[in-house]
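First up is the structure itself, then whatever we jot down about it.
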Amino acid sequence: MEKRKLPVLPVAAPPEGSRPHAPLGEGCFLGEEELPKAPALKEALATIKNWFRAQSLWVMAYGTGCGAIELRPLTTARFDMERFGMAMRPTPRQSNVLIVSGYLATKSLKRVIRAYEQMPSPKWIVGLGSCTINGGMYWDSYNTINRLDLYLPVDVYIAGCMPRPEALIEGFKYLMERVKKGEANGWHHYLENLDWYKANQKKLITDWNLPDYNW
Amino acid sequence: MKTIIDDIRARFSVEWEHEQRADLAQIGVAPGTVVPLLTWMKLHTPFVQLNHLSVVDWLEDGEFQLTYLLTDPHGHRSLMVCTRIPREEATMESVHELWPQAVTYEQEINEMFGIHFPGSPRQGVPFILEGWDDLPPMRRDFDTVAYMHAHHPSRPGREHVDPRVYVGKVFGERGYLHDDD
Amino acid sequence: MPLLPKILWSLVGVLGALAYGLAIGGIIRKVMARIQGRIGPPVWQPYLDLGKNLSLRTATHHGVMSFIAPIFRAGGGIGLYLLIPVVVGVPALENFSFSGDLLMAMYFMFFGSLGMALGAAEAGHPHSPIGISRGLSQMTAYELPFALAVVALVAQTGSFSIHEIVAAQQGGWLHWNLIQNPLAAVAAFLAFLGMNMYAPFNIVGAPQEIPVGPPTEFNSQFLSLLMVGRATFAVAKMVLYMDLFLGGATSLPEAFVKTFLIYFWSVFVGAVFPRFRTEQAIRFFLGWPTVAGVAGVLLVMLNR
Amino acid sequence: MSLKNTLAPFSAWMQAFSKPFTVPDEPGVRPGAPRYRGWHINDRETCIGCGTCAEICQNVAIDMVPVDEPTKGDSGLRPKVDYGRCCWCALCVDVCPSGSLAMSNEYVWVDHDGDAFRYTPGVDEKPWDGAELGWRKDEGFDIVDHERVPMGHLDPEERIHTWAEVVVGYTEEEARREAARCVECGLCVAACPAHMHIPDYIAAIRDGDDVRALNVIYDNNSMPEMCGKVCTRRCESVCSIGVNGDPLAIRWLKRYVTERFDDLKSVLDVDVERVGEGRKIAVIGGGPSGITVAYYLAIRGFEVTIHEALPQLGGATFFGIPKYRFPMPSLEKQIKLLEDAGVKIVTNHRVEGDELRRMLEENDAVFIGTGLMKPYRLGAEGEDLPGVVYALDLLRDKNIGREVEVGERVVVVGGGNVAIDAARVSRRLGAEVTIAYRRRIVDMPADDEEIEDAEAEGVEIIPQAIPLRVERTDDGRLDFVWGPAEMVPSDRGRPRPKLIEGVEHHMVVDRVIVAIGQSADHSWMPPDIAEKVADAKGWITVDHNGMTGHRGIFAGGDLVNDTADAISAIADGLRAVEGIQRFLGILPEREETEPEIPVITVR
Amino acid sequence: MTTTETLRRRVQLWFGPQHPGITGNMSVQAWLEGDTLTQGITHVGYLHRAFEKLMERRKFIQSFPIVCRICVPEPDTNEYLLAAALEELSGLDREVPEKALWIRTLVLEMSRLAAMLQVLGGHVGSMGLGVVPNWTYTLRDYVLDRFEELTGARVYHMYTVFGGVRRDLPEGFAERMETEVLAKIEAKLPVIDNAIFDSSVFRKRAIGVGVVPEEWADEMGISGPVVRAMGIPRDTRKDFPYLKYPELDFEVVTTTGSDIYARAWIRRQEIAQSVDLIRQILRRMPTEGPYCAKLPNMLTWTIPPGQTYVRAEASRGEMGYYVVTDGSDKMRRVHVRGPSYVHGVSLLERLIPGTNIADLSPLMVSLQTCPPEIER
């Protein structure tokens, strides 16, 4: 079997002017443009919406990696995340938060991308554990990605291997904070730079057989 | 343990044997002997259980070692049957008709080492990997770090200074038996 | 009461029912959390969920029918509610009760599920039709004891009017149908377990099997509409049960207490049992509840 | 569906009336366990920058980054942890040779920026700095080997009756085992005056490749066998394993390798251009620095002649070091290597008068490595009495084979290696020996091992003893009079001895051996040259090329450095090897720029 | 009925990987006829991290942090087995101190306890009862608290290494274990019994469902609670004694029925057994002495060539490590043979035909399928 020479994947910077963690500005195509014309009212409405969104984060029940084991104590009695208004939803259609619980095998990445795109906007990704930041334990594995943010926009990282449930709670509180302030706009970044994300995804997933966006 | 190896020796040619522990013996046989030996063992000895089937890549020797671990579930002892097959165009007889679970082992080995088991179902069906187009990854000549660098970029900005080299440079470590270039 | 104020009062009533339905959902979540040893969400959490779902952006398109389904669902809940008098004697809270309202109510109870069936089927996810078929099968099963119980009451009272059934139960708790016709009550309250879809009869949503059944593909505003439907539908059912078996209510507080107890009955059972398989659930309703229903009817027949 | 089975589950409702299990949502309610593995903390001062943490990290999570100025014993690098890689296994903490790295019991760190999760513990300020609790190194668990493979010694009782080598030397198995203790941090390279490639040859020994090890050793040390036996081993004093344990036996390992080969020339793989063809170099003084210059220049084609006053090359290593430490065959092997390299050796020839001037004319450069030959005087009354001798004379006479006699009882004044040598030699000559030293035993400049060995051999050491005078007794012996001293703080750092007035001790001895140091003797040089080479006090200063104030005259060894050890002399020799080539225009002049820091960026 | 018609009547359904009823990140591709599954294929690889490959390029000590990741709920079995295999091959096994053996036994039993609590909750959780999983996860968390105290980490302990363990038992550990964990578990067990084994709905769902025929046990190498639920007293702790288990007093729990109920019952009994074993261990553990043998420099350590297979009883069944060394400082090959490899693929695929769609999740839980163990 001949070993195929593979080109080194260059890490392109996201396109100019994109701000992954900035508040949404005027005129962004997926902002609140359908709302009333008056800016003050528009802003007030956005604030109210963000307030609601932050109070009721529904998490997609998808244990993508080993970090999922700490999600169980979080959902059950000892750490009870429901007291923060968070609940597990078994379907991506009704979820707002996707927890990537650690490393992602390329096979999983494909499913995660699909699940993520099916979630209704605005949606957020929490990268759980070292593996999502820079590969973690499995940095030299041929089958796990090293940086999640090349493929999906990450709103909050929680460092740890694995992070304790308390750290997860802190992470979610931080996410709520950012959602309330309207700063967690990874979903928007994803849509604005879809080409870049798609190119990265397709470079890795050679047998790409998904539609370009799974509405 | 000795008796069973003597029994095997009486019927098959055994290349080597080694008693690792009181409950674990290892024998080496030729590839052609494996399936008759395992069949005989399953039918006529208490070693009826195939615990696992594993491959060791002896890249330097150009050989794969296949290890069948048989267990006597009632006598509480195990026998490791090892055989070596050439790495090139590696093919091995399947044992899936003796043990149904061998299908999974053979499917995985086929995927991860590229050893073909003619007749075994699910050969060539991806088990663990998806869309894989490189060498079978568990082979020793597959370099996972190179693959990682090519496919999974790391977060930039890391700079490591190796103390050994750094100290040498800073303090002017030099050699005099060889010219620098 | 003139029509216009009646409509306005009814609207207020619907909103009230929605608010109450959501609140009771929150309380039940809290109670469920406590039995599980948790603190649980704030009681107002369902309001936040509803608000959140309204603030989301819809990103799916499965066809017109699937858009209409939540409307059917909400319509079924609201419609049922509007037919049932909440507090007898207070015209503002008597809604559009009329002489044959019980028949109409029995029909409306199906309405939402049927609408859901149409829409969910078009959503395309295999979990939806499986959930729908499970839901309809179970519904058919629990309708039997429930219908028998209603028949018994109708025969006993001699009227299809909820108003009259309530009126017949006035004069102390001993006059309630719960006491007057215990067999029918047993049939109806066992059927209520299935109706309210708590364990062991939560086979429609069954997250470990077909997550989450019919609403799998519905999100954001559609989901909020479904939530509205579910909340009002629950209130309507409770009010109906209260009217039929607990002698209705003469004041709002009384209505709250009685409806809560009715709702709590299903939670009381649901909190501690695993879920039935579909055919086990159906067998259950066709077993003792149906026998009790038949016996209830017979009891009335013999008493005449 | 029995009634019991229907009702029993309802008992679960009892839980609804008890306190929930949920941990309250308040900060600090559940701190990490006392040995929790949280974020790293590092003591910047204790850390020596050895990089062992980075070495053992299987996730390549630790980068060593330059933080402080590199010094001997501290690379100045500090670990920077990438929490996108860390798996909190704490192997870095358990392996940390200095014990500076630890983990706090803090565990919460969330951020929206993926690039934020890196910091240098102890340098970048973090809330958990100075955390009391967390994973710490534990005494019972070591993943580096802190115990040296013991070296065999002759029994003290036995060795005072023989001149055989005291140290037995490692067997092959012992050497491999000892070499395997190395963590290859390279701090020793900084401390070694010659900057030998220590981790490299230790790794070669560990791998069983002794030929490679020998080549690595000879790469910048032409007298390694001597070093392997008598080196002052500054390397071991900074060894990272030695911070909390026994340092690696670097010297013994070198000794092991060099002893394995008899014919060095056939083993050494010399690969240099013969750039010095046709050029002549004169080396005055056949000590370590001279030998180094001669060897490395000779393999480059230079025509080198060594002029030595004594009958044998080796300088202080020949005449100063007793043979039970450095036997003759070892030295002869080194000299043979020189001869094989084509060095001309002129022994028994003391350069005097105008000979140096003539040499300067005949040669392209002259290297002076004559060492310190003039002993310091005791400065006490009775010093010139017969029976008061200088240690160097004693050792020299013994080493070149003269008959030496010390009598029955000897006192040695001084605390350096020479003093110990003189004491141990006297012991072997059959005397009872006492060492009188001005300061405490811990202050003695001699090697600890040497002191121990001497004590084991029955040498008595009197610390804080200041010699007052020597008197002749009636029966022809000597009365050594000394006074006790107390240690008083001094402004120069280490405490200074101060004589306690009025107390006198007497000791009747046959010999008083003075070993309190030596100075240089420039009387053999023509005065005009000596003026340029040395200053008024006799000190020689050299530039970065090893060249003295006189053009074409290079110097090295004890003459120019005050460390008085062989390895520094070798380092001086190496400097002169380069310096001479630069002087002759063979090598380009060194650029005075910052050394380029080798950086591995992709990790 | 022709084949085409059969196919037309079958619905293909993917269970997972994103599915709350699946045990971990794996999936079952199933075909349905009505409510009944006619065929199922296990798909794994969503968690493939190539442990075995990575260990081939890590030094021995560096492999310890990585092996524990192979099974998330029960990492210690992996650590112990790797240590045992390498100790056997290097000859270090004779030097492991007595105390280390006791602590290792303790850690293995604690991890079994934690894992079994988790699965016991999962048994009913997969059937839609939320109360018991909440409790058992809490109880498991109490065990994790003690793990944290002992090992410094909650989930991935990285505690057992060759030569012994990494740290000593903390002061007062035994008392805290008793009051904060064992007593609480024992207090809760009767109520859990009521909610599971005395629950008519659970009995209906579990009895007679997912029956594994006894004749499969020997040839397929079925182990753990699955085989003990058939009435076969097979337990690695007894059959291939290791550590201090031969000195402990316990009987292999068996029952008959070989269905989901029987397997849940076995786990329930083994929780009690574990509690008892932990008490025995803590009572008999020596208080003095080293907890780790003197180790050589781990950065350069080499092990002579050899191969071995070691096994231990995890909560799921027999876990085995096949380790080959070649004289270098790294392993030539390590093959992890987890019980799920057989349970989760061959056995599950053989059990699926005829199973009700609602029973797939309980079935997988009762087999305790652990996907990382299959694909590693």
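Points worth noting:
Labels for the chains are A, B, C, D and E, by order of writing; each one numbers its residues from 1.
We adopt the following convention: a residue touches a chain if its C-beta (ideal position, glycine included) is under 8 Å from a C-beta of that chain, and two chains touch if they have at least 3 such contacts.
Quick caveat, the model's predicted, so the values are computed rather than measured.
Listed by label, the chains touching chain A and chain B alike are D, E.
The interface holding more C-beta pairs in contact, when D-E is weighed against A-C, is D-E.
Chain centres were defined as the mean of their Cα atoms; on that basis the chain farthest from chain E turns out to be D. Central chain (C-alpha centroid nearest the global protein C-alpha centroid): E. Each chain gets a centre from the mean of its Cα atoms; the one farthest from the centre of chain B is C. Inter-chain centre distance (chain B to chain E, centres taken as mean C-alpha positions): 24 Å.
Distance from the chain A centre to the chain E centre is 31 Å, each centre being the mean of its Cα atoms. Each chain gets one centre point, the mean of its Cα atoms, and the points for chain B and chain C are 61 Å apart. Centre-to-centre separation of chain B and chain D, using mean CA positions: 48 Å.
Counting partners per residue, chain E has 19-20, 45, 48, 50, 53-54, 57, 65-66, 131, 134-135, 138, 156, 195, 199, 201, 204 as the residues that reach two or more other chains.
Shown for chain B are the residues that touch two or more other chains, namely 128-130, 137, 142, 144-145, 149, 154-155. For chain C, residues touching at least two other chains, in rising order: 33, 35-39, 207, 211, 271-273. Of all possible chain pairs, those that touch are A-B, A-C, A-D, A-E, B-D, B-E, C-D, C-E, D-E. For chain D in complex with chain A, the residues that touch the partner chain are 20-23, 25, 30, 32, 58-60, 82-88, 107-114, 117. Chain C meets chain D in the complex at residues 31, 33-39, 268, 271-273. Across the interface of their complex, chain C is touched by residues 9-10, 12-13, 15-16, 18, 20-22 of chain D. Against chain C, in their complex, chain A makes its touches with residues 30, 48-50, 52-53, 55-56, 58, 61, 76-77, 80, 82-83, 85, 87, 89-91, 93-94, 96, 118, 120-122, 215.
Note for the complex: chain B touches chain A at residues 114, 128-131, 133-137, 141-142, 144-145, 147-156.
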